[in-house]
Amino acid sequence: MDKTIPTLAEAVAGIGDGATVMIGGFGGSGAPIELIHALIDRHVATGHPTGLTVINNNAGNGHVGLAALIEHGMVKKLICSFPRSADPVVFTEMYLAGKIELELVPQGTLAERIRAGGAGIPAFYTPTAYGTDLSHGKKIEEFDGRPYVQERWLKADFALIKAHVGDTHGNLTYRAAARNFNPLMATAAKQTIVQVSHLVPPGTIDPETVITPGIFVQSVVQVTNPQQEEVLNRAKAVYP
Amino acid sequence: MTKLSNAQIAWRAAQDIEDGAYVNLGIGFPEMVAQYQPPGRQAIFHTENGILDFGPSPAVGAEDWDLINAGKKAVTLNPGAAFFHHADSFAMVRGGHLDVAILGAYQVAQNGDLANWSVGAKGVPAVGGAMDLVHGAKRVAVITEHVTKDGKPKLLAACTLPLTGVACVTRIYTSLAVIDIVDGHFVLREKLASLTFDDLQSQTGAPLHLDGPVQDLTVPELS
Amino acid sequence: MTKLSNAQIAWRAAQDIEDGAYVNLGIGFPEMVAQYQPPGRQAIFHTENGILDFGPSPAVGAEDWDLINAGKKAVTLNPGAAFFHHADSFAMVRGGHLDVAILGAYQVAQNGDLANWSVGAKGVPAVGGAMDLVHGAKRVAVITEHVTKDGKPKLLAACTLPLTGVACVTRIYTSLAVIDIVDGHFVLREKLASLTFDDLQSQTGAPLHLDGPVQDLTVPELS
Amino acid sequence: MDKTIPTLAEAVAGIGDGATVMIGGFGGSGAPIELIHALIDRHVATGHPTGLTVINNNAGNGHVGLAALIEHGMVKKLICSFPRSADPVVFTEMYLAGKIELELVPQGTLAERIRAGGAGIPAFYTPTAYGTDLSHGKKIEEFDGRPYVQERWLKADFALIKAHVGDTHGNLTYRAAARNFNPLMATAAKQTIVQVSHLVPPGTIDPETVITPGIFVQSVVQVTNPQQEEVLNRAKAVYP
């Protein structure tokens, strides 16, 4: 069993029009910039994929990564908690022009909905957002005298994930706060595609320190020295 | 051959497991399936107490009692193994990440209902992970004797013992046959060559349907 | 002193944080609270993007952009730090494991309702972790100017802006006073000595109650 | 901040009559034998605590650890998934004599209920046990055309946990499959009391490999060379 894919282009080749795609990262930390850019490359060359529903904590920053994906008109709908950033001009303009849909979800509820999707839990109750605009239309139930909001799982066709060390079976570790949503999204997609900074043989990663066991991963592509969104944006980079 | 041994039933079930499949084997008899993987194929075994990709038992005296499977037997690790806690382990189970779960059975109904956790009698009930395993694996298979020790059918129109899960089993490997569950029916796929269809039907508690040719169930001699 | 600076409000809030407390500070102004921990006390700071026990910003040029807080600022680690994913991070939040969360506010109502995520106007809405943080921390406190830039009360009988959470705030540190929320009322605990009760009441949108003596709100000069 | 407690006796001193106590472990692996025995010692000396509700995967084996706790009549009710073992005589006799209550919970549901207790999720839906005797009386709801069982969170007054390495802030790692329920229970109790085989200063454990962050832990007691239930039972040990 070997889950490695030789190139970024091949890794994202199966993502079709209208797919739901989870993209890891919190701002730039843990964002799989190279996988996103490979998807943009395909769109530039072929016009596809388009009409994507993207699930991420944010809405991109500057003109690289997720912001560039949105800027290329590939995203129909965004599910996120915080679509603001230092330079949110791409999303802001498209949103105010009615060219992209937004489903705003509190950050902890977003994380838990993704975890639920991966764990086979179709719905759960949370105190978060009770009595606010973000629970409108949702089922409310009382437990032990306190009201809670019913939230549904989130699943995706694909997850684009950034990990630090990965083996050919798909076992993964992350780096510092770049972990964030990545391990959750890996569990909640039919096809989880991971870019790893270091590809190693099975048995290299201590079983005690594996964060994402390989069962959650379908494709692994090595990207040594991955780019950081923050560094690109400070250099005012534009992709492509 | 009048019927398969447990080892032969386990061997037959092992032939349907693909290379690289993630598999959970129920404790006891189903654990034997791991011994009969076809050459060139390597499944990855999950145990609900928190290991992925464990290997065979260590030598006697070399056990590490922190490294056990769900049956509390000492195991070893393969390269690429991982540890995780119980909630993550059952996220794998319930979340549909396992390719195959193979369980034992007291009874299986023609709609796929499974009874394998309680004989309904007095005593101490115990369920473990069985009720979770039947919901989640992409394919839930059963290995079992075709009939009880006193000759009563275990494959039934409806289970009479307490259920483990509803409409969850899709294939049954018995000591006499391989039977799929399709649209609420038992569909016969393979049977021992020495048995007629009528022989088999007489030992089965619900109608056996045909959907294409029935193959001979052939297995090697196994100690 | 006619009103406290932001640094002074943050200083006052910091005095109520016990040694060893687990604390989440909202992004922006509340982050200042970390700078004013009393000598001999060390709180452990949680950031919802997956770090417990992070420290101050590194020197310019020494940033690691994988090591950031919820405000996307580079941070450092203290000995005893831990990383975790977002679901575990919000388990800490919602599960009642944080001792204190300190947030900014547009408006706070006398029953503890908080509005701090949306000015209700056109534009791009963004909520982040605020709605989670207000449910879970054992103590949810707000630091804020006492009135808006154009002099309108931020402490109100009822919020007019979209709510972040219902009946969640228990203490408010403002530029003029320290006010608790008890049984649906604002209870004045401290105020600047230069202000009369009536001065303060005139800048507050709901009745200020008294429950025991009102202390002078005294803070050091801070740059 | 230092969460260490010098002795086992002091670590368990606060557990009173009628308390709900989660005890980590799966069979003997990860079972905090020394903490359990310290609780038995207190009962032998003082007659307390008694009337405990214990949450564990199993019901003990032989005459040590959880089985000995039950044998001493300290447990009023057991919440578990699998009260059978190689030598279950203690629980079996008390159960059949009506001297101990049993709440039988499917193992994955038990794990998820404890995780929910720690994560502030009062209830969730699972496919597990639908249509079986173990969902009798529980609320059923359909999602996407499939029926699910509503399950409630589980919380406890105390958790008794076994970890491998722990620091004075309560950050923990585990050893192999001894992890099991321990990290979950640590999150779901008001007071989590941990026995660690190796006590180290903060900063010793790599932040990437911490499994239980210290926020979930209240007391840490060092027990070097802890006993293994399996080894004790093979030697037919009886506690005390």
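Order of writing sets the chain letters: A, B, C and D. Residues in each chain are counted from 1.
Following the convention adopted for this analysis, a contact is a pair of C-beta atoms (placed from the backbone, for glycine too) under 8 Å apart; a residue touches a chain by one contact, two chains touch by 3 or more.
The model shown is predicted, which means the values in this text are computed figures rather than measured ones.
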Between subunit B and subunit C, what is the gap in Å from one C-alpha centre to the other? 56
In whole angstrom, the CA-centroid distance of subunit A from subunit B equals 36
Provide the C-alpha centroid distance between subunit A and subunit C, rounded to the nearest whole angstrom. 30
Residue numbers of subunit D (touch at least two other chains): 112, 115, 119-121, 126-127, 174-176, 207-208
Can you list the subunit B residues in contact with two or more other chains? 51, 83-84, 87, 90, 93-94, 135-136
Which category does the touching pattern between chains fall into here: line, ring, star, complete, or other? other
Chain-chain contacts, ordered by label, are A-B, A-C, A-D, B-D, C-D
Mind pulling up the subunit C residues that touch subunit D in the complex? 19-20, 22, 42, 44, 46, 51-53, 77-84, 87-88, 90-98, 135-136
Would you tell me which residues of subunit D are touching subunit A in their complex? 112, 116, 119-127, 141, 143-144, 146, 148, 152, 173-176, 207-209
Any idea which subunit A residues touch subunit C in the complex? 26-30, 57, 59, 81-86, 88, 91-92, 95-96, 102, 104-112, 114-115, 126-134, 174-184, 211, 228-231
For the complex, which residues does subunit A have touching subunit B? 1, 115, 117-121, 167-169, 171, 187, 201-203, 207-208, 210, 213-216
Residue numbers on subunit C that touch subunit A, as the complex places them: 47-51, 63-68, 72, 83-87, 89-90, 93-94, 113, 118, 122-132, 135-136, 162-166
